[in-house]
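Sharing a structure below in structure tokens format, with a few things to ask.
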Amino acid sequence: MTITTLGESLGTDAAGQVPVASVPPARQRRRSATRAGIVPYLFIAPGLALFALTVLYPTFQAFQLSFFDWKLVASASKFIGLDNYVRAFQDDHFWLSLSNSGIYMVLTVVPQIVIGLAIALLLARKSPTQPLFRVLFYLPVVTSWVVVSLLFRFLFSDDGLINFTLGDFLHLTDGSTPWLADRWTALLAICALGVWKGIGWSMMIFLAALQGVPTALLEAAEMDGANRWQRFRAVTVPAIWPALLFVTVMLVIGGFNVFVSVYLMTGGGPAGRTDVLLTYMYSQAFENLDFGYGSAIAVLLTIIVFVLSVVQLRVFRDRNGEGAL
Amino acid sequence: MRRSRWAALPAAARIILLSVGAIIMIIPFLYMVSTSFKTATYVFTTPPEFIPDPATTANYEQAFSTGDFGRYFLNSLIVATISTAISLLVSSMMAYAFARFTFRGKEAIFRVLLLGLMIPAIMLIIPQFILAKNLHLLDSLGGLILFYVAGSLSLNTFLLRGFFESIPAELDQAMQVDGAGAWRRYWRLALPLAKPGLATATIFTFLACWDEFTLALTLTNSPENQTLPIAIRLFAGSGNNAVQWGLVFAASVIAVVPVIIVFLVFQRYFVQGLTSGAIKG
Amino acid sequence: MKRSRLIAATAVAASLALVATGCAATGGDEGSSDEPVTITFWGSYGNGGNSAQQDVLNDTLIPAFEAEHPNITVQYVDVPYDDLLQKLTTSAAGDELPDLVRADLGWVPKFADLGVLVPLSQAMPDFQELADATFPGVLSTNLWKGDYYGLPLDTNTRVLITSQAALDAAGLDAPPATFADLEKAAGTLEGTGISLFADGGLGAWNISPWIWSGGGAITDDDMTTASGYLDGAKTVATVQMLVDLYQAGQISTGITGNAGATSTAEGLPGNNYATIFDGPWMNGIWADQFPDFQPIYAPIPAGDGGSVSVVGGEDIVLTASSKHQEAAMEFIRFTQTEQFQMALVPTGQLTVIKDFGDEQVATVPYLKVFTDQLATAKARLAIPQGSEVDTILNEELVPAFEGTVTVKEALGNAAKRIDELLAEQ
């Protein structure tokens, strides 16, 4: 009897399937050709109805607002077509926020994958200490974003622990770096929080995926004289490829949707230079009460993330024919 | 697991490497715990003190005695528990259908569902608020539960579909030959075999509901219906005023406890899954 | 977009908006009957972990009001200050505003402009009488397009706060009274590790006292243009003085938006900063957190324009959607009474009623400096885009402090952008 693992669920089973949007119907039919008439619709009906009512319908409304100069009151609101979008494209601060979101995404996704995978590899082998380490590395994931954002603002403050460690303890700097005073160092601090908080999450998924790596293949490769790196490349990576895809797609989406940590650590400051798309959207919508423009920014963000996700799915498929799509 | 390619790396070196990493991961956490036992005057000291001196439990006493902290805590517990249970049921049903049946519009519906992962939640605040009002769910725990369940459906369905798909189809077919209906196959076969997946989804969902701030603040008014993140935000006060770090962190430490308990309870199934998977490998 | 879609979209937006205004006309008079009514009141009295104000309101004032009006129940909801505006906006869109809001005085024109507030000067027969009793500076923040949409609830202003330790370090016998005193103190403080001054930003709340005391202005009196005022010679000279101090390391980086700089609330007692500008509420916070610290209050240092500070505070507004407007107005009247005003004085809320000024100082002596400062304090621009003005000032002035543009250029750019906002009126 075989019991599945998370790793396999992410695609190390025979058909190389992953839980990703676009599994071609043909392949689907091959493994589970249960035609059941109305039954599947009954299974999805409750969830889909709930989703349509509470997520899709509000999404549609928010999308419509992006075509209005929306002022809460009917007499003041008017349809302005694509003006909000044109405004975004001509707005320097929109581009700054977009680039900050992009920088955050790039700087957090790669370390979360690399470090998460490295720790997972170190923890893959069963040992008495494995459960303890798993909890320790997972601790940041379960701690509230609000709490850790306040905590990191405190740690990266001028008199905080980071400066103390770098200056008085390690003597790497003079210990008075004003981390949150400059766009780049502040983004670095925000990214540090993102990576610190996210490593445990990707580690967990990789750890599970690694359990599905065919040990027999690894042994065979070792007997053929393959070194550790070659075995990793030839056996491990293909086996965890779908997990890599899942983690990457989720982290890219999450990276572009960063909000709470920026809002609480710098508030977009100094002078808006660390604004990301969502903090900018928030201040437009809820401080300037310009909800039409705020909605347009959010729609653009959704489109960017959607396109990036599709591109990733294709790239991953091209790299690994048996993989994602 | 019989043999790891890391076996050649000396165990001691591995432990040291992991320990250094683990220390970096938990220092911020330890600092939070330590600060929660300090008086306000002693929060900012150079060098930072990890052992509070003098130590005080005053922050915890103040957190518990301020306003309706106990009520907020209980509300969070109720909302997070019920939302997680409903979300797991509903999304596992959807995931089962996507994993086990072929039906018209299947992949299109699934893609629409995934869109739920990409839409920024803040964009939906005003339409969702108006919807909650029309459903007469403003200022109620029921309203929070409805939106929390809806908000977690996409990720959970995405995650669980994979778990169900990797259960060998033959098991399903065998049960079907024995005359078991779809519901029975889902309930008696798929769910038990997907325990690690359900545990993972439970941990993620409980955390997300426990942690949620913006919707909770927007949809609820009365202290009887508000949740813990709001209480912590009230302690933190405004940017203009002095943040009482000791108090904020004491409240935060209290808030983290249930999440860790849920993790410890459910990671048991996770370990089980890993071990079983390893046997297969 | 297809035509039918367009119509559908318009309909949805219109219905969303209609919901917001639909009840404006139905706000009825139910307070005069003996039917028990509950009115809700949102505010941010909670003030972080310091619950002194909230306790007075919940434990003393509201019970006193309810005893006098047995058919009215008042439900106060405390909302975190930083999130109150978001909650108000969303609730306004959904027509779910409470009856009464304790609104930051900068928000009154914003919401008045959206049509969700009742013009009290029309709705309350006794409005003029109540208004005449209040300080004109804070009353003026309620005026929008000819009507008053609220009454002052509490007021405050910023004064110079220092400590004996800082004065000793700066070699001063008394707090710096003029710009010249300040610059002299900066020289003495050099090398002590104590910064002369600290503040949390460069918005109107922060920078206005400097500009006005230096003899400059932000706009003309009729609020039609900023050019020629915000970039006038006196404003430029004043800001230049600050920039020079900043570049000499005498002003903390918190002023240019460094979220990691020691906050003014901690830096003054901690002797990181010699002086700050802040409000009366700090007294209670320090008493809790730094019991040994003795703040010294003094007027804003005078420049060519004298000692002029900025008016802060909150107004109480009645929402158009309130179903119990009479009862709510009864509570508004209660907020203007001696009982209400004087109960909050010890918690650092200054009274808005002129006649209570002396009693206020007699009750709480440290409020004398604040009360005197209020006599000349001015209000910020009362326009719906107040938050955009703050954004503009921060965005344009930070580069000037960092030395990448000249002060003259920075203020000129800010003036142009503010002109555009003023032109929208």
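Going in written order, the chains are labelled A, B and C, and every chain counts its residues from 1.
The rule is short, and it goes like this: a residue touches a chain if its C-beta (ideal position, glycine included) is under 8 Å from a C-beta of that chain, and two chains touch if they have at least 3 such contacts.
Note that the coordinates shown come from a computational prediction; the quantities given were computed from them, not determined experimentally.
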Longest centre-to-centre distance from subunit A, chain (CA-based): C
Of A-C and A-B, pair with higher C-beta contact tally: A-B
Geometric centre distance via CA averages, subunit C-subunit A, whole Å: 39
Centroid spacing, where centroids are CA-atom means, of subunit A and subunit B in whole angstrom: 16
Shared interface positions of subunit B, touching two or more other chains: 44, 126-127, 233, 236, 239, 243, 248
Of all residues in subunit C, the ones touching two or more other chains: 16, 86, 89-90, 93, 262
Residues of subunit A engaged with two or more neighbouring chains: 61, 65, 159-160, 267, 282, 285, 291
Complex contact set, residues of subunit B against subunit C: 40-41, 44, 62, 66-67, 125-127, 129-130, 133, 138, 214, 217-218, 221-223, 230, 233-244, 247-248
Of all residues in subunit A, those that touch subunit B in their complex: 2-13, 17-23, 25, 28-29, 31-36, 39-41, 43-44, 46-48, 50-51, 53-59, 61-62, 65, 119, 121-127, 129, 131, 133-148, 150-152, 154-155, 159-161, 164, 168-169, 196, 199-200, 204, 207-208, 211-215, 218-219, 222, 228, 231-232, 236, 246, 250, 253, 257, 259-260, 267, 278, 281-282, 285, 291, 294-295, 298-299, 301-302, 305-306, 309
In the complex, subunit B residues that touch subunit A: 1-8, 11, 14-15, 17-18, 21-22, 25-29, 31-32, 35, 44, 46-48, 90-91, 93-94, 96-103, 106-107, 109-120, 122-124, 126-128, 131, 146-147, 149-151, 153-154, 157-163, 165-169, 172-173, 176, 182, 186, 193-194, 196-197, 200, 203, 207, 210-211, 213, 229, 232-233, 236, 239, 243, 245, 248-249, 252, 255-256, 259-260, 263-264, 267, 270-271, 273-274, 276-278, 280-281
Residue ranges of subunit C touching subunit B (in the complex, touch as defined): 16, 19, 40, 42, 44, 46-51, 75, 77-83, 86-87, 89-91, 93-96, 98, 200, 262-263, 265-266, 270, 281-282, 285, 288-291
Residues of subunit A that touch subunit C when the two form their complex: 61, 64-65, 67-68, 70-77, 79, 81, 153, 156-160, 178-181, 186, 265-267, 269-272, 282-283, 285-289, 291
